[in-house]
Structures are given as C-alpha cells and as structure tokens.
Amino acid sequence: MIHFQNVTKRYGDFTAIDDLTIGIYEKEFYALLGPSGCGKTTLMRMLAGFETPSEGTIHLAGQDIAPVPPNKRAVNMMFQSYALFPHLSVWENIAFGLKREKMPKHDINDRVEEMLRLTRLEQFARRKPHQISGGQRQRVALARSLAKHPKLLLLDEPLGALDKKLRQETQFELMDIQEKTGTTFVIVTHDQEEAMTVASRVAVMDHGKIIQVATPDRIYETPNSVYVADFIGDVNLIEGTAKPNGSDSYAMSWHEGHEPLAVQSPNGFSDGQKCQLAIRPEKVSISAVKPETADNAVQGKILDIAYLGNISTYHVELPTGAVIKAQAANTRRIARRAFTWEDTVWLSWTATAGVLLAD
Amino acid sequence: MKRLSWFNAVSLTLGFAFLYIPMVILVIFSFNESKLVTVWAGFSTKWYGELMQNEAFLNAAWVTIKVAVFSSTIATVLGTIAAYVLVRGGRFMGRTLFSGMIYAPLVMPEVITGLSLLLLFIGIGLDRGVFTIVLAHTTFAMCYVSVVVSSRLVTFDRSLEEAALDLGCSASEAFRLVTLPIIAPAVISGWLLAFTLSLDDLVIASFTSGPSATTLPIKIFSAVRLGVSPEINALSTIMIAIVTVGVITASLVTKRQVAKQKREEMEAVRN
Amino acid sequence: MRRYFLIAIPYVWLLALFLVPFVIVLKISLSDAAIARPPYFPQFDWAEGIRAFFAELDFENFIFLTEDDLYWKAYLSSLKIALISTFLTLLVGYPMAYGMARTPEEWRPTLMMLVILPFWTSFLIRVYAWMGILSNEGFLNQFLLWTGIISEPLTILNTNSAVYIGIVYTYLPFMILPVYSALERLDGSLIEAAEDLGCSRLSAFWLVTIPLSKNGIIAGSFLVFIPVLGEFVIPSLLGGSNTLMIGKVLWEEFFSNRDWPVASAVAVILLLLLVIPIVLFQRNQQKQQEAEQ
C-alpha cells in the first residue's frame, strides 16, 4: 500500500534518510526500529506530511503523496507527547478531526461514542487531558487519531511515556485495536521488545538506511548482520573463518588447536572468508562434563554469574579470551546451584542454534 | 522546616519597608486636611473632591485611557504576529534586522525613541495628537508584547500544532483553534503590560503629543515639577489602589487555578 | 504568499516607526543648525544625486559637542551615576533576593508579588513619592530631627544623593528578579557540601553562592545600568541644577533650546554609548541560554 522509492532526506550536510526503498502492506502492523537519530522519525514525518523527501517518491495507495499537505492526507498520527489539546475535553479532542471534515453533528456523536467505547474511555469524556492518567491520555490520543478512519495510522513512540507494566498491557491493547479496525499501523520505536511484541513485520534502521525487514522471529533467529543481531536482544559473537562443507553448512575455525564449529546458516560464505558466529545466550547450555551428543562444545571458565530470578546468566571466558554468555533456567533453588565462580565448564550448542554473519 | 535566619529576616524587612513606606506615606497624606503635604492636620477627603472637579486632570485621564486601550490592543495584535513570525517563521529575508528591531526598543532610552518619532511626524507633516501618541505607544509596546508571547511560544509543544494539521486543520485554523487558546494567558499578560506601559509613559508621550492632547503623566509631571501637592497625592492613591487590586486579584486567580489543576492531576493519577 | 503577508505587517510597521525615524535622527544630527525651523539643510534632492547630498552633511554638531564641556561632563556624569547606582541597587537587592530564596516555599509567591507590584505602579508616582520624603521639611528630616541625630535639616532633594535614592528605589525589582531566579535554582545541598568540605558559612557564600548567582547579578546589573544611562524623570524631579544626566540634557536641548540638530547629535552619541553594554548584555543572556540547554 505504501511504497518508498529511493527516498533521500537531507538537512544541510546531514543525511537523515539515505536512498531508501521499502514497501508496507495493507492491514499490516509495521515497526520501524532503531536507535535515536537513525531516521525512523523522519521517515514517519514524511508519511504524515511534515517533511518532504529531498529525492525519491512516496506512494500511498498508488498516489504520489508529496504534493498533498498533511491536513489533506488520509493518514493520521499519534504523537509521542500525545499532543492532546489541553483546552479541550476528551470528547472534544476526539471530535476535533471529525469537525474539520464538516461531518453532520449526530454522525460526529456516534463516531466519538464508538471511539470512546473502543478505548474504554466512556466515563472520562467530559474530563480535560490534565484530569486523566497517563495511560488514559495515551488511549485518548489513539482514539483521536483513529476517529477519522485513516488508511494509515502512524504511532511515534506511543508507549514511551508509560511505565513498564502499563506498557506491556497497552501493547496487547494496541494489537487488539489494530485487528478490530483493520487499519495499517506504522509504529516507530527504539524499544526492541515493544517492536517484537506488537509488529507483524519489523524494519531495523541505522543511519538512515534499512538494515533488515522481516517478521520478529526471523529478525531474532536469523539476523542478516552483526548490527541487527546486536541491536535485538543479547548475542554472543565468535570470530573465525568459514569453510563450506555442504549446502548452507559450514565449519568455522575459531581458535588454533580447537575443533572447528559446525554451523548451519542461510547466509552464503566462501572458503576462508572472515565471519562471526552469532548465537543467543539462551541457546547455549552449560554443563560440568562434556556433553556427548552436542554438535559443538567448548571449554571455559566462569567469570561472573548474574542471578535474575527466573534465569541466571553465566559469563564464561573461552581460551581465546572472548567471553560468552550462557543462560540457564533456575529450576532448582540457588543454594543447589551446580556451578560457581572460577569453575571450569563446558558450553554446548547445536549446529542450527547460531547464524554466520559477515564482519 | 528551616526558619529564616535573623540576617535574612532583617534584610527582607528593611528591603520591603524601603519599597513600601514611600507609597504608604503618599497614600496617608492624600487624606490630609492641610495643603501642606508634610504636616498632618486631620483626616479629610477634600482633595479627592477637588480632583473630581479638576477638568484638566479628568480630560487628561480620559485621553490617557483612550491611548492606552487603542495602543495596547493594536500592539497585542502586532506583537503576537511578530512573535509567531520570529518563533515559527523559519528563515526569511531580513530576519536578523527584524529581530533586532523587536529587541532594540526595549533597551532604547525613551528620550531617543520619543525624539526620533517626533522628527518623523514633523518630517511627514503629521499633526501631533492622540493619533501620534497611539502610533508611538503601539510601536514600543508591541516589542514588549512580542517578547512575552515569544517566550511562551518557545516552550509551546509544537506537536500540538502538527496534530491539528494532521487532523485536517489548515494553518490558520490550527492557529485559531489550538495555538491561540493555549497561549492566551501570555497574550493577555502582554496586553496588560502594554496597557500599563502606555498609562505610565511620560517621555515618549511628551515628545509625540501636541497641544490638543495631554496625557495624565504629562499633566502630573508638570504639576509635580512645581512641588508636592495633595491633589497629586490623591490621584496617585487612586492609581496605586487600582493597580494593587488588579495585581492581587490576578495573582489570587492564577494561584487558585494552579492549585485546582494540581489537585485534579493528583486525582487523575490516583484513579 | 500568505506567510509573507503575515511577516510584512509587523515588519513594515517597525521599519516605518522605528528604523526610519532613527535614520532621520542620524541625518538631522549631521545637518546644519537652523533652530527649530525644519526642513533642515541639506535636503535630499534627486536631481543632485546622492553624492551631493552626502557632501553637504558634516560633523559640525558633533564637533560642537566636543568643544562645549557641558556635554562631556553630562556623558561622564551619566556614566558615573549609572555605575554607582547600579552598584547600590545590587547592594540593596542582593540581600533581598537571597532572603527571598531562603524563605519557606509557600511564602515565595507572595514575596514575588510584593516585588513586582511596584513595577506595575506608575514610575512617575514612585519618583514623586520621594519628593515629599526628601525635601527640607520632608519626613526623613522630620524623623531625623525628632530622633536627635541631626539638629539642622539635611538638604537631600535636588542633589545627586536624591537621584541615587530614586534610582535604587525604582529599579530595585529589575535587580531582585534575575538574582532571585538564579539563587532559587541554586541547590541547597551545594552549600551543605561546601560546609561539609570545611568551608565556613561566609566562605561557602563567597566560593559557592556568589559564583553560581553570577549570571543573575550580571543580568540584573545590565537591566539597571542600561535604562539609567538615558534616564530623564529621576534627575529632573529629584536632581538639582547641577545634576547632569544626558537624558535631561537632550530634553532641554530639544524643548528649551529648540536646537534639534544638537539634540539629535546628543541622541546619537548616547546610543553609541549604549551599544557596548547592550552587546555585552546580549552575550551574557545567550551564554546563559546555551548553558541551560
């Protein structure tokens, strides 16, 4: 439905968006994820109409939207600060956009009531924004931006101002509302957990470029670069050189005198190419003796143990000096823990647990 | 709670005594029976009566109020536009000159502003009177208004305006429906400031007024040059009373509003 | 298009009523004296062209100002009075601002209002109030005679001392407000930290409080110094015939002597005198803003 074609945006010497081409489908929940300053907000503001691309075109439902001013676009935005009008009540805030459309009065009434029901704000309709809590304000902002039946709803860090617990509840609420209304949502966030939870597809951005676009599980399991692997969740990186030994299968030599590591990876590498093995801590298991069946096993020494309640993270130093994190669920009481500092342990993982990434 | 140290207590007491005793004396002696302003001779309100009979003062007061209402209203409109242009206008030709012209009158000695405007009015052959005073007052008051309003606009959350545009407002609708209602307190205080400045001004009015229009400060100035008079005391007392009542009411109203807002916010969080 | 229209309204207004008049002052200050009888020579004539016009202008009036020592003295004495009264205002205002910043929080809005209230009252009336106090038979002399401190009334009104008192009185809020806002933001634990590290109360004040309120002091001083330099009402009501201030000289040159070219020249020099403190003030404000961001 939305198509960015070779879009570039410059502010003076600074390039905020660099020759970017992406497509967003209808009824999709699309997340733009990246650190602050990566250009995700600029991208969103171009969709809303507050910025125009320096080069390239943006098509919305087949129409070039560059010449359409923000107040004529079938796109609505939910602002990071919510931007609720402080002098208007909740009801008037939601009705604001409808009144601009010169909608008949009873239609406005019906639509506002509908939005209030959807966001469970019925009893707050007469209140002013300062008289309601942060979570309620967030829902008013959502109701207001959805009231006009936009083809596309933009959400700029919509949950950034809420505390953690409320944020998690609200994430599910957002997904629920997106499903009910069938509107295309584009969310901008720097919180990878949030992007993974709500979105059907995630685009990871850095320095004005899209690094990878994929479903949350693919982004997590098979990142296409060290940057993505590192940005999403926790990751261990082991350097080495690749040697193909079958289709999508490699032997990676990583340290002299040690057996090469067996890896199954979709990314292609040539013989002797430098690469990094990226592997998530929860996919590394830890044991006192060398496991018989594991594809890969390396020995190391425990440097540190971080006890997190449900799990513990072990920092284990390999012979190369690199430190690998391994997570284990705490199924037993902490006093019965099998390992302690300075213990020599075995780390093991399967060939499909990690991916090979170019440097 | 920490108590005030004796040093702070003494400096505050002396300081406020210094600020207020002269005015208190002024007010007390406006009720003096005697014509001698420095010797108490019993309570009387006769100077107020005489003031009310004094045509010249009443006329001057009327002229002053007219000038103040017109000039502060025009100045508020112009100053608000100027502030909006400065804060939101982006770049345009001569922006530096423009902001210079906004700030310069604030530090320009009144004698120079007055002199230059007078020379302009003479140069273009404009008869001096109420109209020229209004022009002069509007010019310097709009700069004060624009400083007050732009300091509010700088802290104004711009996403509110963007939200209005996003929801289908044109730029002028966004200003009228969203920006203006929210910055209204600053615009009103700008108007009040302009109004007071115009009421107070002696120097610029002296330069730009003609024989047909005399403002109250000009009248007072020429009277007090000759010395202290109980009639002026009475007039001053009235002016001080108006200002005091106005300022105290305004501060009570804002205090109550702030308290109400805080209370409601607390309740919102609790629910 | 609409945007330019919007910009044009205040822009044209200020050009016509601020910049143009000022250019006229400049032009007249360079014209030949023809007392109170405009138009002044030279007049601009398109036929003769701009060069001929400029050739006619001269610095005669400015040379006149340097020759007559009245003007010299007026500038110097304005500077002196402005400097001394700024210092006095700081001396009175700082302890007040400090005291206000140290009062319990619920008093502060009231104290603030008490400081601002005189600011809304007519300037003229506030100066006038002192005339009755400082005169020979005024309240101050009555009080001092009554207490027996003096046996003869002091002559204060129509001297420079009266001018100082009047300036400190009327400009006090301009000093208190910026200093107060600097002191209010000052974190009380900094003083405690200084004392914890071995400072006495007084040295903590010198080494911590004063440097951290420096910006407020500078802003307040400029806010007093700049307008005082061109002050007219106070010297003419409270000062004597020997109180020389440039605002008063300009007024008299214009209204009494009716010498417009000289009055304009006086104005131009006063403005040149003001440029330095104004630029310094602007810099200070900018630095402060940058520091806050």
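A few remarks follow.
In order of appearance the chains are A, B and C, and numbering begins at 1 in each one.
The criterion applied here is as follows: contacts are C-beta pairs under 8 Å (C-beta built on N, C-alpha and C of every residue); 3 or more make two chains touch, one makes a residue touch a chain.
Predicted model, so just to flag it, every value in this text is computed and none were measured.
Highest C-beta contact pair count among chain pairs: B-C. Distance from per-chain Cα centroids to the pooled protein Cα centroid is smallest for B. For the pair chain A and chain C, the distance between C-alpha centroids works out to 59 Å. Here the spacing of chain A and chain B, counted between their Cα centres, is 54 Å. Between chain B and chain C, the centres computed from C-alpha atoms are 18 Å apart.
Counting partners per residue, chain B has no residue that reaches two or more other chains.
By the touch criterion stated above, chain A contacts chain B in their complex at residues 48-50, 69-72, 75-77, 79-81, 83, 85-87, 96-97, 100-101, 127-128, 130-133, 136, 144-145, 148. Across the complex, chain C is touched by residues 1-2, 4-5, 7-9, 11-12, 15-16, 18-20, 22-23, 25-26, 29, 37-38, 78-79, 81-82, 84-85, 89, 92, 94, 98, 101-102, 104-105, 107-112, 115-117, 119-120, 122-123, 135-136, 138-139, 142, 146, 171-172, 196, 199-200, 202-203, 207, 217, 220-221, 224-225, 227-228, 232-233, 236, 239-240, 243-244, 246-248, 251, 255 of chain B. Taken in their complex, chain C has these residues touching chain B: 2-4, 6-7, 9-11, 13-15, 17-22, 24-25, 28, 38, 92-93, 95-96, 98-100, 102-104, 109, 111, 113-118, 120-126, 128-133, 135, 137-139, 142, 169, 172, 226-227, 229-233, 236-237, 247, 250-251, 254, 260, 263-264, 267, 270-271, 274, 278, 281. Of all the residues in chain B, the ones that touch chain A in their complex are 157, 159-160, 162-170, 173, 177-178, 181-182, 261, 264-265, 267-269, 271.
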